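Next up: some structures, all given as structure tokens.
Both complexes below contain chain A, partnered by chain B and then by chain C.
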Partner chain A sequence: MAGNVGSDSYESHMGVIRDSYDAPGLRLAGSVRFGGVPLLADVTLDLAPGGWTCLLGPSGSGKSTLLRLIAGLDTGADFDGTIIPSDDKDLSGRVAYMAQDDLLMPWLDLRGNVALGARLRGDPVDWPRLDALVDRLGLSDHAAKRPAKLSGGQRQRVALARTLMENKDFVLLDEPFSALDARTRADMQDLAARHLAGRTVLLVTHDPMEAARLGHKIYLMENNALSEIPPAPGATVPRPGDDAAMLSHGAALLERLRT
Partner chain B sequence: MIRTLTPLAIAATVLLAWQALVTLAALPPFILPGPWRVAKALAENADLIAWHAGVTLTEVILGLILGSLLGAGTALQLAISPVARRLLRPVLVLTQALPVFALAPILTLWLGYGLESKILMAVLIIYFPVTSAFFDGLMHTPRGWLDLAQTMQARPRHVLWRIRVPAALPSLASGLRLAAVYAPIGAIIGEWVGASQGLGYLMLLANGRAKIDLMFAALAVLAVMTLLLHKAVGIACDRLVARLN
Partner chain C sequence: MTMADRAPALLDAEESRRQARARAERIARWALPLVMLLGTLWLWDRIVAWNEIPHYILPGPGRVWDSLTGDWAMLWEAALLTGKITLMALALAVAGGAGLAILFNQSKLLELSLYPYAVILQVTPVVSIAPLIFIYVESKTAGMLLCAWIVAFFPVLSSTTLGLNSVDHNLRDLFRIYGATRWQKLWLLQLPSALPYFLGGLKIAGGLSLIGAVVAELVAGTGGVGAGLAARIQEAGYRLNIARMFAALSMIAAMGVVIFAALSLLAHLLLRKWHDSAIKRET
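Up next is the complex of A and B:
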């Protein structure tokens, strides 16, 4: 069932979309250099198939660079290596991207923003699917609003809807929740985990608690090296926010970051 | 209230200072007529001035429309084509090194004494500010939007029209505001060099016949016209940008 893009079945009369999704994994292997200065030498980043991989590290450690390499975006770095999905198919066109900045277009209303991908490709927009998605994320009441009329949390939910609308195997999240207040952040983590279930997610974050809560796999990036750390116990994410094992795992991650 | 009163207060102060200067320095009317004399000349020659103002306004508006379209078109071309950037940008800068004023006699020679040479002057004078403002906006689309578009495998054509152009409209608007002030300069210069109608022509005519009060009346009408045009373009631009944001 690898790479079954477009397998969403939805019943629009109920406003429900069910994702049956089982995305492949992905491996980045190689070296990254910035203008001759090595950032990472001979590293391997393995994304958990159909699960959440958290890339944790302090600001400026270059974790976004890895995400941008996978997204096919300009990084200013030289990458010598390979980025290959585990189904050996081409990666291009199979990635959705969400950043810390919601990147909503202020001149488009909520639906226009969610429809952006299709509009930019010149494809017809699947409006029933879009409206079902907007409904599923609890945004129906705001469907005709411009981003300026939405709160920060709502805007990030629209960005999530736009990401889901892309319906891709690989979802790359570059600190999408870090500018939100604690409660909204926890809500967004729940929402993202629920709706991205089955997809291969890479989450770049500097928040150890977030990594503990969401990661099926956790990588720590510091001092020009990448090391894999065992995740918190429990295979279903998001782990409950008051789960003692998860909390102590997050605390341990924090201590590890501080040394 | 204060917003409407402030310009009125400024205008009143200027008129008072003007009258004071004329009275205190005992300036003869053929050097500097007082505001009252100018107002009288304006009233007495209202039809004449209105006719010439209409001509100038036509030149200015046509120049503004043509120059804005041409400038915006050039900016788009420069934005989508690196080749055009390499070839055209030096030429554009070069045209700015050449004083447009100096071209007025040549344009009159080529295009004659009619509206065309004045419209072209106005086009030439606003072309660069419009092009340069819009082009700047098109080249400074926020990086994140372009990244997002790239991950969505967007077509360059759609990125241009659905992201870069709307994002650059505030820049285009500031170029158009400048153009609204510059365009009358072009038209007036054209009229000075050679014309048989228009406010610039009327000013030269009045000057030659020592009707200095009429000259100032024409000047005042020109100033008001430019201010109103600037205001109108400003409001139109604000509406456009507000619709987008």
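Up next is the complex of A and C:
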């Protein structure tokens, strides 16, 4: 494995990744307990500024709990610690979220769903930008359809459009691609990586290959511990699907998960 | 799917058999009940004729038809009155039931204080409350409305409450992240989510408000506001005009069917674009 996780080399790659957008990093540090039972003690999760951080672990390991803590959602857990962006500004209102479930409102049509965030903030919807976004994601033929008339992959693209419409510094992805078929999943990974370039992304996943393909930084969560693992070589994500180094890195991650 | 799309599929033997079955079922859906109705009417007519039953005990369907057409003006006027009370009660049941459901949803305190009494009101037979109502409520119309409302509001309340509480947890999370206010959550998330449940309750409430209106008429009598269909049935009974009793009864039944059909149509129109219960699958 050629991966070198030294933060220096990582920073030096940032010029390649950074688009016009330049999001700060984020650090979660502290302990998580479930009703007195410790889930994680004194852990630090550092999100790569403007890049993809993958949180890999088996189902039920509590990865989503960390993501939900950052999102400010109920977790049923007690968190004792801090969650601070590296620019020291307040985190609230700077987070976008996408989950395995597409979270579309079934009664709104595609455009209405993409416009939801602006509508909830009481902002005027930037329809030209929205339509351009819908077009870029290849959804313009379906703009007037309701979610029930869309396929699973199309619905997840709508969810991505809504997440992009939000234009937030931090994007939290909770296994958004895991319910999709292999081809659609790869397409979605490409789309997400391209359009989220420059944002600070946290991707929770149980798929080692996904982590190898997308991660600038990889954390493994198992047995109530969090460990950082070097990413696959290459600073531009998504790494090509047939990249041999990436594939062997993914296989090594899988072996690591199985031990 | 257009006919042109269908044409090649017809070549397939199994497909054509399946379509023939679907067509037969479509025809049977209205033909079978019709045959059933005609058979029953014929049997009814024959039983009366064969046994020479006097018409003041059981009139034949012909006599009931004569009464329906002969007394049409009177029966129609009665139907309008009953219909008016029913619809007004239904409107109040919707306002009251949905309104209470929203209040209960927003205030746990209110729900804990009032919900048991809503249940008590529901489980007490309205026939036993109605006489008291007409002692204390002076206006006949108001009394009848109150009776019908008591029967009809509960299904709206309980199904709307269920709907407001059945919002997908993930969607709640999304609204939380978007920083939605309590009112936005109510208007943009909970109320649309509750709509299918509300419409289910509404269908039941439609039938119940008719029952409530009929019970109220029977208890209230005819003084003051004129006679509705139930009062006409009672009055015809005193006169042994059994044919008119049947005629008025059939009108009440027809009214119930019309209300149910109208509410089903309303539900379909509101949900057909997005709710699983109303979406036609293309496969």
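Here, the second predicted complex is superposed on the first by the 240 of 259 C-alpha atoms of A that agree within 3 Å, B and C clash if a C-alpha of one lies under 4 Å from a C-alpha of the other, contacts with A are read in each partner's own complex, and residues count from 1 in each chain.
The rule is simple: contacts are C-beta pairs under 8 Å (C-beta built on N, C-alpha and C of every residue); 3 or more make two chains touch, one makes a residue touch a chain.
From a predicted model like this one, the values you see are computed outputs, not experimental measurements.
Taken together in the superposed arrangement on chain A, chain B and chain C clash. In the superposition on chain A, contact of A:D78 is made with neither chain B nor chain C.
Once chain A of one complex is fitted onto chain A of the other, the partner contacts of A:D141 are absent, as it touches neither chain B nor chain C.
In the superposition on chain A, A:D181 makes contact with neither chain B nor chain C.
Taken together, the two structures place residues 68, 71-73, 92-93, 95-97, 99, 101, 103, 105-107, 116-117, 119-121, 146, 148 of chain A in contact with chain B in one case and with chain C in the other. Within the complex formed with chain B, the chain A residues making contact are 68, 71-74, 92-93, 95-97, 99, 101, 103, 105-107, 116-117, 119-122, 146, 148, 166, 172.
Only residues 68, 71-73, 92-93, 95-97, 99, 101, 103, 105-107, 116-117, 119-121, 146-148 of chain A touch chain C when the two sit together in their complex. Residues 168, 170-171, 173-180, 184, 188-189, 192, 195, 273-276, 279 of chain C are the ones that touch chain A when the two sit in their complex. Residues 144-145, 147-155, 157-159, 162-163, 166, 243-245 of chain B are the ones that touch chain A when the two sit in their complex.
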